[in-house]
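This is the structure I want to talk about, given as structure tokens.
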């Protein structure tokens, strides 16, 4: 099946996420869409990004397309292949990581993330657990989450806080012993959310093309505010889209081909 | 103090069957090497399954296919880890099912907190601090057990508080900055760790290439370490590159020579992972208890040796293809 | 958080004069690499002496000839270390004299306790435990400052105790075994560490060969690291052997290319130490303030560059002989 | 000057110290006479000794004759060249070291050792400090000290306890938080002292040839007891003496030539 003539919403999510990576950032990244975004940033506007991967990999020249943090493709020509302690301890907890990519089954109003367990009337559903997620949320200065926008994924409050966002709101991180110098950006197929600097709650900062605030709220378990000057996510520059498709995930291991922006749900 | 069942300088090369029967006991706490689809100790875990050694506590950072197979075989009572999954290939389904069924106990940590527990173990101290876990439910589970008020100082000596759970963190004030909470995690010292490595010599000097995850700390924290290796190298080769020795022989109890000992997961510089067989196992694990038993029967219990499994699951050509795939990459 | 005076991925090669003037300030806490007669950062310490940057706190495990020369030059206010000596070549005489004269403050630790302080620093936690120091006068000096009763628990939050001295240990009860004392040592994060290494690339990836003592922990704990290296290697060479990178560039602020930069101490695989010149310095150090000033004048202040010192102190033939002596040994 | 026809007391000290090294021991050793003793043991009755040196050296094939723990000769063909943390932390504090060699300016009745500072009426004399000494005394199961026997070196109580022996006597190590599974042997040019298992105080276990108990006491700042069955230190086997002279310190970097057993002070 040929690539769609435009671009898929998933591609735009990766491209938008990449825009939040700054040149020179030390970025803590797993595999999947986050690694695509970090790699895309590195190959476009942020050549000096330093990727670190928790298995002990520092500054690799990632080959397309790793499926695991222990995939040899993610280790290619790293400057250091070492230990989890060096990465999670001596870089992350030490305060040297600028940005962390994180996923999870639930993210709540205050950006807390659950990747441990979901409780429902039918019983509990066990998830993989923290991994390095709790460590990232505890020690990165900025978190970037890429996720599908579904109501069940955005509850008022997580069933279990695996990775701390702003916890209960203003001052809560500091009270818990965490740094308050912190920010969260969530890129979804409907919008870009970010924490309100005053209330710490997630609010709508940008909208995916053709998506309304109401459409986002309909798929969100809490009522997100709207940032001043909310605008539409900019379309991808053609050359950036080309890099993503040709160099970052050429075999479309993660990029689905069956969803163009026009076909995406509204 | 390490019981010296094997003299430290002795040659320690033995079969997987011998190593497992000597060092893994019912009820043992087993440290698990590898991560996700990389360097899982598949051969050694198969041997535990073959010998049906049960009531295990399996510990590590990311626990993956080998843990899941031990759980699927009904040999695990408890896990202590940071995560259970195979990333792109899905979660560890036997593990998930056992937790949801209530037949498996779990202690949840972050990866850094687990490494910190092993770091305490290898350094010979009873605990280590971390600033992870703060504010999260990973910690709240712990605080119920060990209220911070019961800790520290001479007060503890005159009126001993309830002792915290041996596998859960506690919180104290930073003595140098009162009011700043710091998490202490207890040392974790596995009875035996099982780790698949690239190279070892006969006395147990170990060389790990590529990512090393939590293994150096875990191995040095363990009472015994059983390694399987792709290649047995002469002691003189170790001594020619002493900076490259990952863990010296003093910490190692047994060396099992088993090429492709991590299959279907990868061994850096030796062979890539096999997505087909990983997916095949995941299909069985997702399929439920019956499918898992069938998988284990075909791939473990009906295979007297790991090489029989390699033949059945992959075959020589497939293995050579994985070897070439890795060589193109490094 | 590390102030980013240099972008992490930038090329960081500069002269010793530039590196020292940018990263060593009056009053800095300076982490000192090397040990005894091995890999002391002599070129970088000479540059500090040449620039007369004073009021320093010098920290490390074993402090040796470079610390002693800084003390002899009157630039050190305080040392925090496990020992000061050159073993067979005697103690660090300027250091000893300054302590006996009361002109130098000292904080005494064991070597393990110092490494533990750097370990806390590199891991980003405020302290680390050790079971060393217990019962000794190294600890008694500390307990006077920070009584154990003032520590830990919620009590600390409601009625903050006197804050312990920032450079001395405290004792707490092991929360998991009340009544068992455990020493906590505070994290030590040097403002800048100076370390001489075998190889580095232009962005600051560092390869240390032979013994590495406390250097990896100290370097990763430091706000800035200035390395001098025997050889500058291409980044691609680092990436070809990523397991051998001792400290990655993220932690390093400046790279100074200075062959024989540890002379008269040794650099493993490159050259042996020079017992004649070590003894010559020791004779001056033992001789008193005048002799030391004369040594420093001749070997530092009158030498515009370190190469001038090498020529004066050793000469080409001597240096080549030391190189051959090492090559025969490794 | 030719080697003396018999053997020097210093040679006998090294040979006697080597006898206390058991085959298979993991031995923590510095340079000087201790390294000679450990190397001698390894080349004679204890081939499986594992030497560890604090600079990060594990199981080297020591070349004669290193003058420092950072001397390349002490690193020769080690199985591991690593860090101080690995040796002092992961072996020593971890409990994997059987025997440690330790020196010091003072050793007192209870085997406490001072290598930090001497106080005298004329003022203080600063010494090098602990190094790894405190760590060894805290974590080894047995300590071996080789020292000249002079009254000022054997005070009733050290001016400063750098490295803990038995502290104040029975039970004191346990009360301080140290293991009580501990023993000290002191080899001097006059005698071999060891801790009394009951009182923990050093007592005379063996005497150097021709030395009396009274002669030892005259040079000791406390009154050491005498172990039951005290005997004379056995003379060296000729082949052991040969190994010491020909292989362990052939250039006599540490072994002095000017002192034969007959010439030594009585």
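By letter and in written order, the chains are A, B, C and D; residue numbering begins at 1 in each of them.
One rule holds for everything that comes next: a contact is a pair of C-beta atoms (placed from the backbone, for glycine too) under 8 Å apart; a residue touches a chain by one contact, two chains touch by 3 or more.
Nothing here was measured: the structure is a model prediction, and the numbers come from that model.
*Asks:* In terms of C-beta pairs in contact, which of A-C and C-D ranks higher?
*Replies:* The comparison resolves to C-D.
*Asks:* Can you check how far apart subunit B and subunit D are, centre to centre, with Cα atoms defining each centre and the answer in Å?
*Replies:* 40
*Asks:* Distance-wise, how many Å sit between the C-alpha centres of subunit A and subunit D, to the nearest whole number?
*Replies:* One centre to the other, that is 59 Å.
*Asks:* When the C-alpha atoms of subunit C and subunit D are each averaged to a single point, how far apart are the two points in Å?
*Replies:* Taking the mean C-alpha position of each chain, the two centres sit 28 Å apart.
*Asks:* Which subunit A residues touch at least two other chains?
*Replies:* Correct list: 75, 81-82, 85, 89, 92-93, 139.
*Asks:* Name the residues of subunit B that each touch 2 or more other chains.
*Replies:* Only 123-125, 130-131, 180, 182, 209-210, 243 qualify.
*Asks:* Classify the inter-chain contact topology: is it line, ring, star, complete, or other?
*Replies:* other
*Asks:* Name the touching chain pairs, would you?
*Replies:* Listed by label, chains in contact pair as A-B, A-C, B-C, B-D, C-D.
*Asks:* What residues on subunit C touch subunit B, complex-wise?
*Replies:* Against subunit B, subunit C makes touches at 116, 120, 123-131, 146-157, 160-161, 163-164, 166, 170, 172-180, 182, 184, 186, 208-210, 243-244.
*Asks:* In the complex formed with subunit D, which residues of subunit B make contact?
*Replies:* By the definition above, subunit B touches subunit D via 1-2, 4, 7-9, 122-125, 205, 220, 235-236, 238-240, 242-243, 245, 248-251.
*Asks:* Once bound in the complex, which stretches of subunit D touch subunit C?
*Replies:* Touch list, subunit D to subunit C: 30-32, 53-57, 63, 67-73, 75-76, 81-85, 88-89, 92-93, 116, 123-135, 137-139, 160-164, 167, 172-173, 176-178, 253.
*Asks:* Given the complex with subunit A, which residues does subunit B contribute to the contact?
*Replies:* 34-39, 61-62, 81-89, 91-92, 95-96, 99-100, 108-113, 115-116, 119, 130-138, 180-182, 209-217, 265-266, 268, 272-273, 275, 326, 329-330
*Asks:* Residue numbers of subunit A touching subunit C in their complex, please.
*Replies:* 24, 26, 48, 50, 58-59, 61, 75, 77-82, 85-86, 89-96, 139
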